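These are the structures, in structure tokens.
Each of the next two complexes has chain A plus one other chain: chain B in the first, chain C in the second.
Now for the complex of A and B:
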């Protein structure tokens, strides 16, 4: 108990030094928490750019379709798939889709496009394209000839809201499927692939146009927790008939899954680099304070304090400092992350969005909360503080009382 | 000595190009049989794939090598769908939406009317004798086998083409198409030799892709007339829309 008292008194005695050390520790941990939050934000953006703008977290399709996207590899079990999916624990939404690759043309301009037949009321549960509209509106549920397309595609076609586009593709019966579509809305997602080559059309219209009545290519599913997609996909696959297969986003986008998996390792490395610097600072401060108090330690030792107790005293000081820094750092980190999440920094003036590993990194700094971003830096900070206290503590414990007393 | 050398030189200078030109000329002759100065034909096209099969009846006109128009007569669902080719460009007319669409360069390798014939075949097929250099591979009593390799600067689709040409009629029997790696991609078989005016032509053409051998496209000429009365203005976008 006396050791605690001594430790606190020592820390209080030279306030400026204590506060400076504390400030360095708090700054490094809170900034690390913030930067990890920004990393998380980037990954969430990237994952969302793929899953929430296009694929969903899981996709159910007829066996073989997902590899070759062959038009005739259709399925018709929409009802059963939706029903089974909705029983999943983290289920959020399911959207039946039919896909066609064809040509869109306006006047003498023609562009190849991926045309996705959707049910608007169901699709908005899966993708967020309806929130990315920059002009016009989304498809109406009972609409027949409406089309919503990416801004890049519209620019190439010189199409605007109300333009009549011709859609031409090879239908499933070998004939040329073609029809007129009216442009209803334009979306801008930041993803080049989507903005330059994707169009949404009513599902029933597409089924008729490409001669695949009541057929689907896939059911896209979103979950409340995208990181649960892999086990959930396995569960769902077990409940569906074996003509169907289920894939999670990790299988559809292996590069993205790898990036996110390597994120854990990068977090650790980044923390260690940052704390190596902070740790040296702490060692320095504590060392100085031990040197300054050489005489004092000499007195303590002369009075019969065991060297182990002296060591413990110094370690206690660094630990108290560590705990204090941990609490303050986490709190400051929390508020910094919160600020970055709600306000963020817009970089669209200086850079445009980047597509990486199949996902799109938006031109903004924005953070997301993840529990791991807090406990890992905090724990490492404490460990650093204790380790940094070790060297000065050992020195203090090894002092010879007589020599120490003589020093000035 | 010098004289012998000169003779030898003369021999190489004259005969080698002459032989090569011969093959070139032969292929051109074979290709032109179909095109003539101008033509009008009624064609049935049957397409069979793993998933569907269909039969189209079409009417087509051509003028020289550069102009070609074809229009679907049957089935009713596709009646009036038409294709116009002028030089290197292809347009499709779609009566349902009353629009003509130019095929973009990226889609030239795509199927024409759902068949195993590509838009590129329509555009480049008639230039084969200009863009490939031909050498004789094999000669028998019945046929020549002639190999075509793309000329260095030619923008071509195939890495190699082998013609098997019937000697007596100078008509193709088999044409094989290879990719850049030398793997055969598809072949076209010709039969039903029939005299048309002063020429003899195969009336049936079968295109068989190698990656899906169960699929094929069969073109059957029901009628073909040469030197019909059409001029360049006939092959226009306006004309493409005319229903007859």
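Now for the complex of A and C:
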């Protein structure tokens, strides 16, 4: 008890020095928490750029289709797949799709495009493209010849709302499928691939145009928790026809899965670099404090305090400092993260979107909460404080009382 | 059996290649209840002798026994405990713990011994009163005069009722009337409580109050004078 009392009072002894050290520790911890929150926000954006703008968290397709994208590898079990998927605990939505690759023309301009046949009412449960419209409107449920384009594709074609495009592709029966489409809307996702090469059309129209009536290429599924996609995909695969296969986003985007998996190691390294500096600050403070109190330690040892108790006293001081900094740092970090989550910083004026590991990093700083973004920096800060106290504590414990008493 | 026995004690300090003898073949015995002063000029070995008896330094050779215990046989933790329970220190520059109040300083050794707060208070409060520190219990050392600080140091040394109190030049930083007052108080406590006091000093006032004066010069014992009563 007396050691606790001494430790607290010693920290209050040179308040300015203690407060400065504490401020440095709180700043490192809270800024680290904020940075990790921003990283989490970036990963969420990247994942969303792929899953919520295109693929969903899982895709069910006929075996072989996902590797070769072969037009004839179709499926017709949309109803069964949706039924089984909807029984999953984390199920959010499912959208049947048919895909075709062809040419879109306007006047003398022609561009290759991926044309995705969708049911608009189902697709909005899976992707967020309807929220990314910058002009016009999304496809109506009873739409017939409407098309919604990425802004990059529209720019290349010089298309605008109401423009009539010609679509030409090879149909499944060997004929040439073609038709006129009217541009209904333009989306801007920030993803170069989607904006420059994707077009959405009504599912039933595409089925007719490419001569695949009632056929699908895939059913895209979204879940409430994307991080549960892998185990959920395995569960769903077990419940489906063995002519079908299920892939989660990690299998479709192995680079992104790796980036997210390596996030833990990156966090640890970043924390260690930042705390190495904070740790030196604590070592400096405690060393100075121990040096200044050499004679006092001599008195304590002369009066019967054991060297181990002297060591414990200095370690207690660094631990108290660490706990205080941990609590204050986590609190400040929470509010900074909250601010960055709700307000954020728009960088679109100075930088554009970056495509990395298959996902798109949007030109904005925004944070997401993740529990480990708090506990890891906080725990490491405490460990740093205790380790930083170790050297000064050892020095204090090794003092010879008679020599320490001679110090001025 | 004497409380403190020094037998052929030598202490040599080394400074580079130079060997400086601080104590040479010192033989000394101090009995329980004595009020003894080690006298001599600066560098005569008084403080060294006190440090050895206080077990905060080790002799180069010779044998030191306190309360029948050979100090050389003790481990570091045993020596810490020995100091905690058997020895009280009063330093020349008071050396109170600046972050503790007068009462907490006086209680410090008792706290280390693990005594309960009520017991500590019962032990320390009357002592502080007797030392003229009533009403100053909650003051920090920086808010006390030199004389008051030295009284707190006396209370701290005495509170645990050690076998021996070692006082290194206790009056060096005090004016003569405060010094006299403090010495009379310590003499009184020595008589009433039967505690053994051992001073190092060249202050004539201390020597005047001492029941026994052991004189040292260049590390040698050159005189041992006992006074009556």
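FYI, the second predicted complex is superposed on the first by the 408 of 408 C-alpha atoms of A that agree within 3 Å, B and C clash if a C-alpha of one lies under 4 Å from a C-alpha of the other, contacts with A are read in each partner's own complex, and residues count from 1 in each chain.
Just so it is clear, a residue touches a chain if its C-beta (ideal position, glycine included) is under 8 Å from a C-beta of that chain, and two chains touch if they have at least 3 such contacts.
Worth saying up front: this structure is predicted, and the values here are computed from it rather than measured.
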After the overlay on chain A, what do you see for chain B versus chain C, clash or fit? fit
Of the partners chain B and chain C, which touch A:296 in the superposed model: first, second, both, neither? second
Should A:347 be classified as contacting the first partner (chain B), the second (chain C), both, or neither? neither
One more residue to check, A:179. First (chain B), second (chain C), both or neither? first
Touching A:401 in the superposition: chain B (first), chain C (second), both, neither? second
Once aligned on A, the angle formed at the Cα centre of chain A by those of chain B and chain C, in degrees rounded to the nearest 10, is 150
Quick one: is A:338 in contact with chain B, with chain C, with both, or with neither? Answer first, second, both or neither. neither
Return the chain, chain B or chain C, that is in touch with more residues of chain A. C
Which partner does A:112 reach: the first (chain B), the second (chain C), both, or neither? first
Quick check on the superposed pair: does A:237 touch chain B, chain C, both, or neither? Answer first, second, both or neither. neither
Smallest separation in angstrom, by C-alpha atoms, between chain B and chain C in the superposition: 83
Chain A residues where the chain B and chain C footprints coincide none
Considering the complex alone, what residue numbers of chain A touch chain B? 72, 103, 105, 108, 110-112, 166, 168, 170, 172-176, 178-180
Which stretch or stretches of chain C touch chain A in the complex? 51, 54, 56-57, 76-77, 80-85, 87, 89, 91, 95, 97-100, 104, 108-109, 111-112, 156
Which residues, counting only chain B, touch chain A once they are in their complex? 47, 49-54, 77-78, 81, 92, 94, 96-97, 99, 101-104, 106-107, 111, 113-114
List of chain A residues in touch with chain C within their complex: 1-2, 5-6, 9-10, 12-13, 295-296, 299-308, 400-402, 405
